[in-house]
Amino acid sequence: MNNYEKGLKVREEVIGKSASQAVSESLRDIAPDIDNYTLLTFAEFSERTVLDMKLRELITLTSLLTQGDTAGQLRVHLQGALNVGWSKAEIIESFIQCLPYVGFPRVLNAVSVAKEVFEKQTD
Amino acid sequence: MNNYEKGLKVREEVIGKSASQAVSESLRDIAPDIDNYTLLTFAEFSERTVLDMKLRELITLTSLLTQGDTAGQLRVHLQGALNVGWSKAEIIESFIQCLPYVGFPRVLNAVSVAKEVFEKQTD
Amino acid sequence: MNNYEKGLKVREEVIGKSASQAVSESLRDIAPDIDNYTLLTFAEFSERTVLDMKLRELITLTSLLTQGDTAGQLRVHLQGALNVGWSKAEIIESFIQCLPYVGFPRVLNAVSVAKEVFEKQTD
Amino acid sequence: MNNYEKGLKVREEVIGKSASQAVSESLRDIAPDIDNYTLLTFAEFSERTVLDMKLRELITLTSLLTQGDTAGQLRVHLQGALNVGWSKAEIIESFIQCLPYVGFPRVLNAVSVAKEVFEKQTD
Amino acid sequence: MNNYEKGLKVREEVIGKSASQAVSESLRDIAPDIDNYTLLTFAEFSERTVLDMKLRELITLTSLLTQGDTAGQLRVHLQGALNVGWSKAEIIESFIQCLPYVGFPRVLNAVSVAKEVFEKQTD
Amino acid sequence: MNNYEKGLKVREEVIGKSASQAVSESLRDIAPDIDNYTLLTFAEFSERTVLDMKLRELITLTSLLTQGDTAGQLRVHLQGALNVGWSKAEIIESFIQCLPYVGFPRVLNAVSVAKEVFEKQTD
């Protein structure tokens, strides 16, 4: 298994197979190298230790929320966060923790994306 | 113990007594209400459940790193992260996790502040 | 009247009853605490003196415009700014004042939201 | 030819006549001064030497990508970049160059707008 | 009086003669055109009506606080805000108003610059 | 020559040997992996075609200027831009081109770093 295949496997595990395919398809014609770079990143980071994948997804969500203009990526990683074991309540709580540091607008934007993602869940 | 006293107690536990006093002193003459709002925030968030203080500090660090122009706050919460039980290696790893989402500059800035804070530690 | 009721009263006065209800409804199931925090914030700030509510809404608009990715909040506070007595011309002028500090994109985004809000007005 | 007429001529050359008209129309009723300021800026910058219009559009694209929440302006200047002679491959490559400095989300957002603009092209 | 002279006059009135000279000196050798553009901007905006210079400086402060990494410009416009008639208490209050929209770090940064500027005042 | 050695060679060519060593030294004890990632990035991007290294440095400068809070990285890549063949006048002109998109503060910050870097040059 080369690094691309390995990255694909990890990406599918984290964000789900259909989201992973959607990323590849959206980039295939216009910027396939960027898709490849995301795969190499997933491969590389899956071998890093010290923090597990669950904590990594929490960090990712927080960074995306804080950065702003990241609805597309938040959608993908909200699903990722659920997949690696965070509950909906924990995810929302992580957003609330950002409130004193980024203010209401960034947090409300993230909640709005979470609402959309959570409603598609059937647990 | 009223909410201000409670917030002060929590703030001292998290970021340390001397950093807590430095915040109060820097705001005392010019904007004491802002100091009070930080105390009320610490009091309020210490009563929130779902995520513990250790995870909260990780989220805080990530949000500060991502936002940029937050060296002063990073300094305080890097100490806070150490105080609530994160190792230096885990903190640096959390910064590395942000790399694909924010790029090198934000991460290098945070590492630079961490270097300064870690060197003052004697463990 | 407790602080939540007071905050609700102030929020309804500033952004209007239907926008206030929309905020509550959008957060009710997923993050009711965030709705409560906005109410407490409105209650708290309505008691602050030094600057009146009219100046506060101007500051809020400017901060939202500058931050970016705040269309939802701009929509609410553009209505708020009209409700507390700013004219459409004054609001647009406040956007133009930001031009040298943030450049065209942020200003054009805000104008685009203002256009949508102003067209719903019947004055 | 006064400065407004000159700016209009330059703007039409760079972003195309229909996009230029769309800008004017969207601002006509609500903020005509902002349209005028964009015209004066185009007039002024077209007289600047040292860097040609082709390099200027590359810089503009990079700045818009990095800033975030600039889909509307990116749309206009992606067309502009094509008009002044950049190929689609060069534009995408300029986005990839930003990856280490801003991370995936900003780059993926810009690619998504580029996809939409490129598909309307018939070359 | 041409536009540069007029802009210089307005800039000196707003931010003070010594700060105005410092801006010119810092840009003289490396980027005199940027100094000229600031003068033209001051000239242009001094002729705009609808909002007076006092409100303009409040908007400027808010935009700078929100944007981040603007300590240099905040220093200049804090002095400007005092010069056009805002009290220290009103300026701090305008910062506090930003708290729910941008969070503590941006506000604390601005307070820290204000402290430095206010201490140089002798009123 | 492995990828780390290759990246080191490219990094030394672009930003200069002493700046390259300073990066490594600053990260050696605290976050050597980040240094390695920058080397891999330089190696990877040096093999990309479509845009040459000169254009890449221009894009990098623009992205850093726009992002804000990047003085450290700007310092390194201003030297890089000079090394790959941009003149001081062209670099300043690229900053001026950003003015309509990001406003004065970001541009003035970058000019201030450029001033410091240019004064160390002896051409």
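When the chains are written out, they are named A, B, C, D, E and F in that same order, and each has its own residue count from 1.
In this text, a contact is a pair of C-beta atoms (placed from the backbone, for glycine too) under 8 Å apart; a residue touches a chain by one contact, two chains touch by 3 or more.
Since the structure is predicted, the reported quantities are computational estimates derived from the model, not experimental observations.
Student: Using the contact definition stated above, find the chains touching both subunit B and subunit F.
Tutor: D, E
Student: Going through B-F, C-F or A-D one by one, find the pair whose contacts repeat those of A-E for over half of the pairs by residue number.
Tutor: Repeat interface, by the over-half criterion: C-F.
Student: If I list every residue number at the interface of subunit E and subunit F, are over half of them used by both copies, so same, or under half, so different?
Tutor: Different; most numbers are used by only one of subunit E and subunit F.
Student: Take the average of all CA coordinates in subunit D, do the same for subunit E, and state the distance between these two points in whole angstrom.
Tutor: That pair's centroid distance is 29 Å.
Student: Quick one: report the Å distance separating subunit B from subunit D, using the average Cα coordinate of each chain.
Tutor: The answer is 40 Å.
Student: How big is the gap, in whole Å, between where the Cα atoms of subunit C centre and where those of subunit D centre?
Tutor: Between these chains, centre-to-centre, one finds 30 Å.
Student: Give me the residues of subunit C that touch two or more other chains.
Tutor: 38, 41, 64, 67-69, 73, 96, 98-102, 104-105
Student: Identify every two-chain combination in which the chains touch.
Tutor: Those chain pairs satisfying the definition are A-B, A-C, A-D, A-E, B-D, B-E, B-F, C-D, C-E, C-F, D-F, E-F.
Student: Which residues of subunit E touch subunit A in their complex?
Tutor: 98-105
Student: Could you pull out which subunit E residues touch subunit F in their complex?
Tutor: Interface residues on subunit E, with respect to subunit F: 26-27, 29-31, 33-34, 37-38, 41, 64, 67-70, 72-73.
Student: Which residues, counting only subunit A, touch subunit C once they are in their complex?
Tutor: Within the complex, subunit A touches subunit C at residues 68-69, 88, 92, 95-96, 99, 104-109, 111-112, 114-115, 118.
Student: Would you mind writing out the residues of subunit D in touch with subunit F in their complex?
Tutor: 38, 41, 45, 48, 50-51, 55-56, 58-60, 62-67, 73, 89-90, 93-94, 96-98, 100-102
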